[in-house]
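Next up: the structures, one after another.
Here come two complexes built around chain A, the first alongside chain B, the second alongside chain C.
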Partner chain A sequence: MSQYIIRRLVLNVVVLWVVASLVFVTTNLLPGDFAERQVATNLELADYTEAIEEARRLLGLDRPLYERYATYITSVAMLDLGHSYDTKRSTWEELGRRFPTTLELGSLIALVAFSLSLPIGVISAVKQDTWVDYVLRTFAILGVAAPVFFIAVILTLVVLKLRLFQIDIVGSPHLWTDPAGALKLYLIPTIAGGISGGAGIMRLLRSQMLEVMRNDYIRTARAKGLPDRTVWIRHAMKNAMLPVLTAMGFTIAGIVSGQIILENMFNIDGVGRFLFTRLIIRDFPPFQGAVLIISFVIVTVNLIVDITYGWLDPRIRFS
Partner chain B sequence: MARVQEVLRIPAESAPVVDPRRRRSRLRKVALLARRNRLGAVGFAMMLFVLLVAVLSPWLQRYDTNQVFQTANPEFNPTASPLDIARNPKLSAPFTLNRWERPLTRQHWLGTDQFGRDIYARIIVGARLAVIIGIGASLISVASGTVTGLISGYFGGKTDLTIQRLVDAIQAFPGLVLLLLLVSVLEEPNLTFTVVALGFLGWAASTRIVRSTVLAVSASPFVEAARSYGATDMRVMLRHVLPNVLAPVVVIFSISIGIYILAEASLSFLGLGPADQTTWGKMVNAGRNALDLNPWESLFSGAAITIAVLAFNLAGDALRDEMDPRLRGR
Partner chain C sequence: MTEGAGYRGSTRGRFTRRGFVRGAMVGGAGLAGMALIGCRSQEKPAATPVPAKGATPAPKAAAQPSGEPAKGGISRGVFLGGNVFDSTDVHRAFGDPTSWLSNYVLNKVVRYKNPDTGEIEGDLAESWEAPDAATYTFKVRKDAKWQDTSLTKARQVDATDVKWHWERQAAGKLADGSDTPFRHSSFYKTIVKIDQPDQFTIRATLDKPNGTFLDRLAAYFSTVPNRETTVKFEVDHRTVTEDAMPASGAYTLKVWRSGEPIKFQKNANNFRKGEPNLDGWVYPMLFEDPNAHRVAFEQKQVDAFSSPDPSLTKAIIEANKGQMWEVLTGVANTVFMHLNMNEQFKDVRLVRAMNLAFNRRAMIQTFHQGLGQVSGPVTWLQEGYALTPDELTKMDGYRVGRDEELKKARDLWTAANGAALGEIQIKIPDTWLALWTDTTQVIPEMFNKGLGVTQFKSSRTTYNEEIIPNLANGKFPNWFGWTSQVSGPDPRAGLHTGNHSKGSTNFQKINNPELDSLLDKAMLTVDLKEAVDLNRKAQRLLLENGHYGNVVLYNYISRSAGWNYFKQNWKVAPATGTPGQGYNIFGGHLAPKNVWIDQNDPSFKGRPTVTL
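Up next, the complex of A and B:
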């Protein structure tokens, strides 16, 4: 077991190295760099090639690619993610300021996604082919097909038309400093992201439940007189959750992708929007740093999922 | 039982003259499939509808997507003095744009957008684009994924290890981030480039699935037999392994079309979609400018995305359940 975990950890380091290299190479493939964008917007006329060269030299962008790659990889290995070209602050500081926001929104979305999908998935399977099942399934199928921003647009429209609350929120309130403001800001993205993320889990859980409930041990549990609820939750759901757990990694990646869109839509100053704006102005060190951290989270979640998997299902042997 | 009843219900004299079983068998097969999987049947019908709209779009769109509709301004006065114009700006414009018109008029079935363009025409053309992107990206990802999956699974060893680490790395990226990076490589991404970027994104997942099937197939006795009579690796791969992994390949192809349509919509919504095209994602975003005043552009285009993705998802799911149920939940 510990051998397996060590092997996986080593493998994850390799994967993160490939991710880091991939980000480095692709960002450097992009047309234009920070120096060019910045100078071009600040000086509108005349010959600014000299100014661009000067800016490149200051930022160290004039050095050859392999040299920059070497510095980049060694500093990443020492957990130094560089400094923003734009604000000159360190990547850790820039991300550290936005991470709480993203984490707040992300956990709210995950909370909604799971508290919607788990009971709905079980109910839909238990009441198979009744109208309850049909309604819930339609909801799930639509939730998978509709883009997250469309769900958010519909919710915004509802809030606007029913005049529920003011949508234009200034600044970035946090849950613990200004709970009312934060909830107003987060409400629509949370529900939209939750529906979008939860719908897939619900469909998966339902089909798994149906498969599990055909097993003999379910009939045995019923036959020995256990109440329905116990059979569904203790016997069926526990076994149906395994593939759902595997989907967790994908769900988290999906929530992150959804957050990039939602944070942009609702002007939430989190990592998702930061990532997007950094890409647009070609401010790469914080961009690369953010991507690495997100990949680290995804890889770690996958590892935890795999370990829990073996713990939940003793038949699985680690090799 | 159902079959017995069906046989009994046919009176002897009305039996068809030419080969009764042959004539009914194909139709009956479809009917049986449709009855067993009603949701799938609905999905296939919707998919046909979307494909039909996409193919027939030049005949259905009524107007050009960029045609701007305007009406003569009754207040226009070419001889108005600058002072009058300053007091009433309307005096200077010979035409006014028919912007944000409500739907369900004879001229504009679905209304007009902020520049006075016909929303119906733009939705119809968007369908063609969504279909091209979905099918194109799916083809690219499945074709490339099959090649690398075959190689990776068949040869194993170092080749396999290298390819799998690359696959792991791509899957450790949140998809949208990688996509944003890829399409930024061109200053103004065009349609072809967007399709290729989307296809590359899906390459990792299809490689992984094809590889795992190849691993299972390669272990079977007939592959060993082929090898033992001296078939080359190439021949074993193409003639013995490939035909046996085609089912999952077809399933991945059909299931991922909807995902690519959705991904492209997200890109377009963020303003990084194909620059020179009319896409649904762009329309949802543009419509947000006047959500309070006239939400119809956002609503129609968003609904169009949902319907198209739904159609391909349902059809793909049905195909998977028929062809290869083991892929469920992947």
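Up next, the complex of A and C:
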């Protein structure tokens, strides 16, 4: 087991190095840079060119790509993710300021997603081919089919039309400072994100449950006279959860990466919105740093999920 | 500080540069406009209870009669687009955001009394004399003071500030003697002698007569910063901080930090007594997504709205009928077609044919839902100088009837053997394509159909990579898109540099002695009427020659909406069922006087409170 974990950790380091290199190269291949964004475009050519050159010099963008890559990768190895060209703050500080917001929203979304998907997936399987199953499956298919922004827009229009409550777009309230305001702001993105994130888990859990419930050991459990609920929850659901766990792992990883679309739609100053704005203005150091952190979380969550497999199913050996 | 009403200061589309601009505007993409949309408010009378939370109740009694500017309150605006401040130093800022911000904090030597026609009035200068267009003497007002800081100590603004403002930009040097780029140094280098007879008088002697000198001093990028502070922040000029720009104007900067809401506070020492109407403004985080902007607007968290999709703005107005106004404003970034006369389009007849074949009105429909107006060599936004619409619609390329235009176009194309040009690429900048993705199909189809050929093609390009680097060497591609030329109401300087044989931006290498003479004479006069007459003659000459390849097409119109309680900086106020009209050119300096809130308007009910 420990050998397996060490091997995976080494592999994760390699993955992160590849991700860091790819992000560095691809962002630098994008047209335009922060110096251009600062100076903007001007016809007074001599001054404009000079101003761009000076801005690039100050930002270090005048150095060759390989030199900048060497500096970048060395800094990353020392956990220095650089500073924002725009705000001059470190990437860690920028992300640290926004992570609590993203955690708030992401946790609520995960809560809704899991609260909806787990019971619905189980009930839908248990009540297979009844009207309950049809209703729940239709709901799940709609959740999978409708993009998250579509659900969010529809819900927003309902709130606006019926004047249900104020969504504090400008104030960006937090749960710990203004719980009521924050809940109103997060309600629509939470429902939209929860439905969208949970729908896939619902369908996956249902199909896994149906497969497991046809196995001999379930028949045996029933033959022993175990109550239905015990059979479903202890015998069927636990075994059906293996692939579902992977999907849930990605949902949790999504909390860290931020809900880019939802955060932008509702002007929530979290990691997702930060990533988007950094990319737009070509403020690459924090963008690259944030992507790297997200990658780290994803590979780590994956590792944890894989280890959890062994706990859920002792037949799995890490060799 | 609490407020009760809303305010909007939309300058969308009024910010332009001299020259080619990446039109990253609208829709959050950038430049042809920064849309500043805010909310402002007014103090409630002492007896008015502060609302418990969230929303402002409709006041029971009028603080002031409806229609009268109310004092106090905090406005809240939105700064759209991914713009960044490149410098706190207004002299060294090449991007427009710093210029925008400085207009709320600083003054210029003179300013536009009417931003559309170009009439000038004093700002820091209380009077001036210009006997021969080469000598300008200004009397600086004595009641203007700098914001009280450890560096300024609330001293008077005087002629020394203006002298330093000119000299520093002309020299292009920092206090330590090092060279650095200054955006407008070439202009200030034309001041060859500066005299300061006394503390409040300053005289500029130019290298040659320049009738547009005052216009340039009134432009939005000509604000006069505090010299002690600017010098102190020379090294750190790229780190934004409110300390770097002490005020002399309507507002002081309370917070100016990267990534944080910008906050302005009323300058109690403003020399214009009674202005501004507001206690402050707050510009919160950027709305990168139109949905967020819309939700904020519909819930009165901001008081005005403008979408890149005008039909969305219209739909919101319709959904709130009777509670919102509609205002139409010309967008300063002019839509051009540039045809390279150094290479493919050497024969002027070909350029004339293209000018005729371009269906301006159809394109306004296709791209802008009909919200636009055809522009001549001087755009209709610069209404004091532009050819009248009646005259323009009789000229080639501007007639309403297309048959005559296309017949002439085909005749010219055939006579000049246009077929010999082979494939003709009309490139479209990526910033334009981001908003109108089908342009690469629409434009070649229009020309192929109009001229009865199949040789037109279109593909993507970028301003920074292909167009701008190739302007000076004359190898730029033919392209269609934004090319802003409107940065003020007086078009003379732009027309001169772009079309005079010795003009610094004459990339088409135009050499027409008659045109040169008209442009020169127009530049020399300080007589506005004479300047307009000469300018119009020059425009007619340009039109006869197909604009010499820089084919001006049209300026489109931005539709904005606002809640009725919010009174804007309008040129023509909206009425029930009739859209109002915004200032075509930069008129932000008039906002402190013109913008206010009618707290008694029924639409004011439910507006959330704003704090500074």
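Quick note on the criterion: the second predicted complex is superposed on the first by the 300 of 319 C-alpha atoms of A that agree within 3 Å, B and C clash if a C-alpha of one lies under 4 Å from a C-alpha of the other, contacts with A are read in each partner's own complex, and residues count from 1 in each chain.
Following the convention adopted for this analysis, contacts are C-beta pairs under 8 Å (C-beta built on N, C-alpha and C of every residue); 3 or more make two chains touch, one makes a residue touch a chain.
Quick caveat: nothing in here was measured; it's all calculated off a predicted structure.
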Let me test your reading of the model: by the given contact rule, A:L142 touches which partner, first (chain B), second (chain C), both or neither? first
Contacts for A:V23 in the overlay, against chain B (first) and chain C (second): which applies, first, second, both or neither? first
Just checking: does A:S207 make contact with chain B only, chain C only, both, or neither of them? Give me first, second, both or neither. first
Output check: A:D269 vs chain B and chain C. Expected answer is one of first, second, both, neither. What do you get? second
Quick one: is A:Q128 in contact with chain B, with chain C, with both, or with neither? Answer first, second, both or neither. neither
Please indicate which partner A:T156 is in contact with in the superposed arrangement: first for chain B, second for chain C, both, or neither. both
According to the stated criteria, A:E50 is in contact with first (chain B), second (chain C), both, or neither; which is it? second
Touching A:S90 in the superposition: chain B (first), chain C (second), both, neither? neither
Touching partner for A:E36 - first (chain B), second (chain C), both, neither: second
Could you give the residue numbers on chain A that contact chain B in one complex and chain C in the other? 31-32, 149, 153, 156, 160, 264, 276
Please output the residues of chain A touching chain C within their complex, sorted ascending. 31-32, 34, 36-48, 50-51, 54-55, 58, 84, 86-89, 94, 149, 152-153, 156, 160, 166-172, 264-267, 269, 273, 276-277, 280-281
Quick check: in the complex, which residue numbers of chain B touch chain A? 165-166, 168-170, 172-177, 180-182, 184-187, 258, 262, 265-266, 269-270, 281, 284-285, 287-288, 291-292, 295, 298-299, 302-303, 305-307, 309-310, 313-314, 328-329
Residue ranges of chain C touching chain A (in the complex, touch as defined): 17-22, 31, 54-55, 76, 82-86, 92, 94-96, 180-183, 185-186, 238-239, 257-259, 284-289, 291-292, 295-296, 298-299, 301-302, 430, 462-465, 468, 471-472, 504-505, 608
Complex contact set, residues of chain A against chain B: 11, 14-16, 18-19, 22-23, 26-27, 29-32, 141-142, 144-150, 153-154, 156-157, 160, 204, 207-208, 243, 247, 253-254, 256-257, 260-261, 264, 275-276, 279, 291, 294-295, 298-299
